[in-house]
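For clarity, chains are labelled A, B, C and D in written order, and residue numbers in each chain start from 1.
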Amino acid sequence: MDLEFTDEERAFREDVRKFLQRELPRDIAGKVAAGKDLERDDILRWQAILHARGWLAATWPKEHGGPGWSAVERHIFSEECALHSAPRLPPFGLNMLGPVLIRFGNDQQKREILPRILDGSDWWCQGYSEPGAGSDLASLRTRAVRDGDHYVVNGQKTWTTLGQYANKIFCLVRTSTQGKPQEGISFLLVDLDAPGVEMRPIRLIDGGHEVNEVFFTDVRVPVANLVGEENQGWTIAKYLLTHERTNIAGIGYATKELERFHRLAREITRDGRRLSDSPLHAARAAEIEAELEALRITNLRMLANARDGAAGGVESSLLKLKGTQVRQMLQNLYRSALGSQAAPIADELSENELTVPVDAARAAPVYFNHRKLSIFGGSNEIQRNIVAKELFKE
Amino acid sequence: MDFNLSEDHQLLSDSLRRFLAENYDIETRNRTAYAAPFHAPETWSALAELGVIGAFVPEGQGGYGGTADDVAVIFEELGRGLCSEPMLGTLLGLRLLAALGQTDLAARVIDGETRVALAVSEPQVACDLSCLQATARCEGDVWRLSGRKSAVYGAPGADLVLVVARLADAGENAALGLFLIHAPESIAAPMIDGGGIADIVLDGLQAECLSTDCAELVEDALDLGRIALCAEAVGAMSHLIEITIDYLRQRKQFGRTLASFQALQHRVVDMVVEREQCRSITIAAVAAYGTPAQARTVSMAKNLIGRMGSWIAEEAIQLHGGIGMTWEYPGSHYAKRLVMIDHQLGDRNDHVLRMIRLKPGAPPAEAA
Amino acid sequence: MDLEFTDEERAFREDVRKFLQRELPRDIAGKVAAGKDLERDDILRWQAILHARGWLAATWPKEHGGPGWSAVERHIFSEECALHSAPRLPPFGLNMLGPVLIRFGNDQQKREILPRILDGSDWWCQGYSEPGAGSDLASLRTRAVRDGDHYVVNGQKTWTTLGQYANKIFCLVRTSTQGKPQEGISFLLVDLDAPGVEMRPIRLIDGGHEVNEVFFTDVRVPVANLVGEENQGWTIAKYLLTHERTNIAGIGYATKELERFHRLAREITRDGRRLSDSPLHAARAAEIEAELEALRITNLRMLANARDGAAGGVESSLLKLKGTQVRQMLQNLYRSALGSQAAPIADELSENELTVPVDAARAAPVYFNHRKLSIFGGSNEIQRNIVAKELFKE
Amino acid sequence: MDFNLSEDHQLLSDSLRRFLAENYDIETRNRTAYAAPFHAPETWSALAELGVIGAFVPEGQGGYGGTADDVAVIFEELGRGLCSEPMLGTLLGLRLLAALGQTDLAARVIDGETRVALAVSEPQVACDLSCLQATARCEGDVWRLSGRKSAVYGAPGADLVLVVARLADAGENAALGLFLIHAPESIAAPMIDGGGIADIVLDGLQAECLSTDCAELVEDALDLGRIALCAEAVGAMSHLIEITIDYLRQRKQFGRTLASFQALQHRVVDMVVEREQCRSITIAAVAAYGTPAQARTVSMAKNLIGRMGSWIAEEAIQLHGGIGMTWEYPGSHYAKRLVMIDHQLGDRNDHVLRMIRLKPGAPPAEAA
């Protein structure tokens, strides 16, 4: 048994660190650290920097412009990005559509679309969920009816993250009502500028705008925008779901969050005692730290399995479950640490009117926002069903 | 032994519930809750007319109520209706005005003409008044305050603010005085769960001295405020659990209603069990108010409500899935309120520490 | 709203206290406080003392030898008994068979059986559960076949508490296989001395012997021992389940257990600090105390409801759920407080070789034994099902 | 990075697992586990022959192993097989004998001829060696011990007992010495989860001094013992979860297998998640052994295992229902072991406090 990274992997980590220290714009890292919303331009700026270094599309093979990293290198890279407060890259083009096209797309699609993801010409968003089909994706109802060289699309998608920044959307649409519900689904690329597409914001619990509804009314989509075969959409969707998700446990983020708590606890005094000297807070933090340290190893174990070619459907569910729990415990601890000062919406105060560190001022909205972790991307109940199916299979 | 509401309380409770149901839907609420002045004068007048404010004060002091029971009945309905009007600050301030014989001011507050708030907590003080640092200094016959007050609920737009400050030059064990200032400037913001909050920088502010030894009165008012928050939480969690059950019965997944999934059913049952417990501990705190067990029982209540309120909020969001995360869905605002109640007037940890300070293992009040 | 007991109720509590202080034998209370097993004779001795005072059969009406108490008085009595470490009375004759006979028995049964319960001539035990029918009682398979003036009983019962002390057993038996499983069940009284009855001990997790298996092989039972009508057994069983169970929340026991923890914490030093000064233990105890105080009120609320005639099926499930949770938390806290000294089985040590207070020496076995609280008498999962059925009914 | 067992470890693990499966069923185990001398000499010899004891000590000291990895591999299998032989005491004692150059004694322990135990904890000391009160006094060239040792694992019937005692007359910061006594009298009892434990009243006992400054060595041995307990817990919980799943698949209620109830399924999933976490934190502790992160990481492991082990035990009993409460069912003994591991060598709270003492918020070892 050996937990050590190889010399090459350590050297790689060093490279990543130096790069981040040198290239990651301070203003962007500051926003990330303070839990503020990023502008479209912030993300594009950071993507361009990564692209220039050849590190943008971590999961793509070299021939398509990826860095050709191993699973371990991808892990190291994303961990370091989190630790340096680099922005979380929207995964829709880079980690979802890209791999799908590389696996299922035709040559023209690869040639035309992949470079535009890399250089930021296109911002893709995802059209999977529908108001009546969240966890139960197979029941989706958005229709695409063939009409000559086009599909005519009607229906509604929802929970479309950062759709307001996007110009393109990939969708699961129903192209057949024959057979099992899964069998009549296709994977279709749609231009958001096309007539009949309308995007409306959904405001979330913390007041922020990060997801949207998308309405399709007689939208004409060229048949050339079909990825894979007609009615092959379910296979593609499943490929994406079981596709290795390096960063699903969010170790880097959690590590950063725990560190942030300790920093705050050293700064805050409450009822005559520094919070870091409060045994209840310290014990809670220590217990969460133990869980996080365990999760870090669990993540490495599963990473090593993946490297060694073992399948990992259940394992990514385990990481998702525990990873979201640990992060939510940390958000909870951090919010609690602020006491009564967690209540005001700090956006409305100028920074020099705050009596808490600027980084901490958004603790409550960030906590509420992160309740999504156990809901989106396959709720924790769905993850438990997946694991149970495996444990109790005949 | 009787856990039924008295006839008067039933009447008050019913009329308040009806008023909020008919005049205070979630859109109305959200319009005022998150934008200055965090307060709708017409709602306020109506509440005053219903007798809500007067019920905070005993008859001898110009009100028509004043028991912990009165306060709990009202705040449970305010919680159920998710009312974000500045009622907590008014309760705290009015109790002190009335107790200190400021009959005229109190009467105007009761009528809804004047709004009052209480500035007690400071950026570094949650629960333990002996740690307060704001000071009051008497120069000739003028009192001047210095220091900073934070988490002043209902301060934005308040006509009167009562400030608790340590009397200067009186050494370690200096008494706490209570001071009145008129419509001070404040650093105001909306709370994430709705309603207005402010810091006040005292910075030499001139003030009228109402008391030079108010620590006990303030602690009593704060304990009553904690009871109010507990009752509010019970109302809010009752409503939130109700709409969660409704949602689970309507929403279908994999061809079945969510309500038919046993794992989800059992989680709702546990929420209901804790809601009943929260109601009970609030009753205990109400009963202990004004007895020697007051402080410790109120802290028990605030601790349990703090823990269970936020847990119920988290479970409710999770059971709803995505819809529970949206601003548009009323449940998300109830969930925020339940979580943030644990941040007001001392949280679960502050109150566990207070319980421990007040002698662990003392037998419960009633057993005697 | 009024939490106060009436003057009469307070006076009654005072009476009960004085009686317990005067009459409860010290040696018996000592065993109870230390979590030791009681002998048959200990219990009979205490029953005789209660019987002499007329306080033995708390739930029976006066005409049958009960004290004629209100629900509140019964509550006060059982709370004080727990607080004074009186033995828990076996409920089988007093709280189960007695009320059943009073409600469903014929005159002869009432006349012959009830007095023998009171004077200790008979010790009844319960034959409900079977190896294949625990929570799912309706599936029971013990057969009673009519043969002239007798039933011939064959089958097996299990979890028969204190059966080793009993001379009689009341059973649910299958008298018909027609219709729904519930419809063919009868309530039958069996003499344990009858030929063909065999009782075997079941040893529990803590090593103790408190439950048994009972085997019936061609046991002939007079038809006169049938309670109610043939095939009316399910109705009788349900009557018992919904029959008011005053002490289901166990408030008195829990109060005593919390008090016991605080006493121990003041005596024990661990790593240079008195346990009562350890913030983690103190905080845990305080949080459990808050839950217990809430439960005390919940119990009173439901008691007042019962007094006012409101139905209480769901309410007793709520009390059972939370009551067992609180007691198990307390057992857990108490066991933990002992550290390494919880490990030895103290029965094998003489009391002067212990370095912990005698009362605490059985903390671990008592903890393990009390895992039964959430299993026996309708598991907590069954209680959740009952409440859910009510919450989600159409 | 490699989480596979080495070939040697795989071999050792397999042969130990096979040996226990074939020769150590639950009846055999329970016969020795709960009655003096809590030990079956034939089982002990067989384990010694398999190389189990020698694997605790490095080659340079007469063994053939000695890494934390060796220890964890062995104890995981001992846990899976619920072995109640006095292996923990032997590990602790042997490590010290070997490290202090007692080659001959160590060799006899390795061969299984001699059994050793370590008397370190005292009725009032769980985890913090600086609180030890037993003392050793040198009179002429004879050392005499006084005080009382408790929770000496494997002491009943041990040939050698090593005693940790503070050197007398050396003031506040007196060093800890290590002393050897032969087969002392002890106050022995079975542990509720099986195996023997004893108190030893030192009371002027004469002893051989092996070291006059052993605090660091003892702390290292204890940390290795904690790792052993963690690995044992991982083995035990793995087996317990397996048989729980088996039981749920077989047992029918209301005409369905218990395994088909979603609420029960979800609870088993949560148990599996925590089992994986427990395995991971044990790996972390193994990796940290001998590095500056040792103490803090071992405490993390002992804390997490303490919490999750007893939770898994409670859930397993609950999911079984009545049968899980019986002596006859093997699962009940696994459950007891899992709960009681939290009582050995410091519990969840002791180790959280140790983590805090060792600087909260220090970055995890590997990140450097």
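In this section, a contact is a pair of C-beta atoms (placed from the backbone, for glycine too) under 8 Å apart; a residue touches a chain by one contact, two chains touch by 3 or more.
Remember, predicted model here, so these are calculated numbers, not experimental data.
When chain centres are defined as mean Cα coordinates, A lies farthest from subunit C. Of the two chain pairs examined here, B-C and A-C, the one linked by more C-beta pairs in contact is B-C. Annotation: 53 Å between the Cα-based centres of subunit A and subunit C. For the pair subunit B and subunit C, the distance between mean C-alpha positions equals 42 Å.
Mean C-alpha position of subunit C lies 38 Å from that of subunit D. Within subunit D, contacts with two or more other chains are made by residues 262-263, 265-266, 349, 352-353. Multi-chain contact residues of subunit C, defined as those touching 2 or more other chains: 279-280, 283, 381, 384. For subunit D in complex with subunit C, the residues that touch the partner chain are 34, 121, 123-128, 130-131, 148, 150-151, 187, 189-193, 197, 199, 252-254, 263-264, 310, 314, 317-318, 321-322, 324-328, 332, 335-336, 339-340, 342-344, 347-350, 352-353. On subunit B, the positions that touch subunit C within their shared complex are 1-6, 9, 69, 245, 248-249, 259, 262, 265-266, 268-270, 272-273, 276-281, 283-284, 286-287, 297, 300-301, 303-304, 307, 349, 352-353, 355-356, 360-361, 363-364, 366-367. Against subunit C, the residues of subunit A that register as touching in their complex are 279-280, 283.
The touching residues of subunit B, when paired with subunit D in their complex, are 261-263, 265-266. By the touch criterion given at the top, residues 1-6, 9, 72, 255, 258-259, 261-263, 276, 279, 282-283, 285-287, 289-291, 293-298, 300-301, 303-305, 318, 321-322, 381, 384-385, 387-388, 391-392 of subunit C touch subunit B in their complex.
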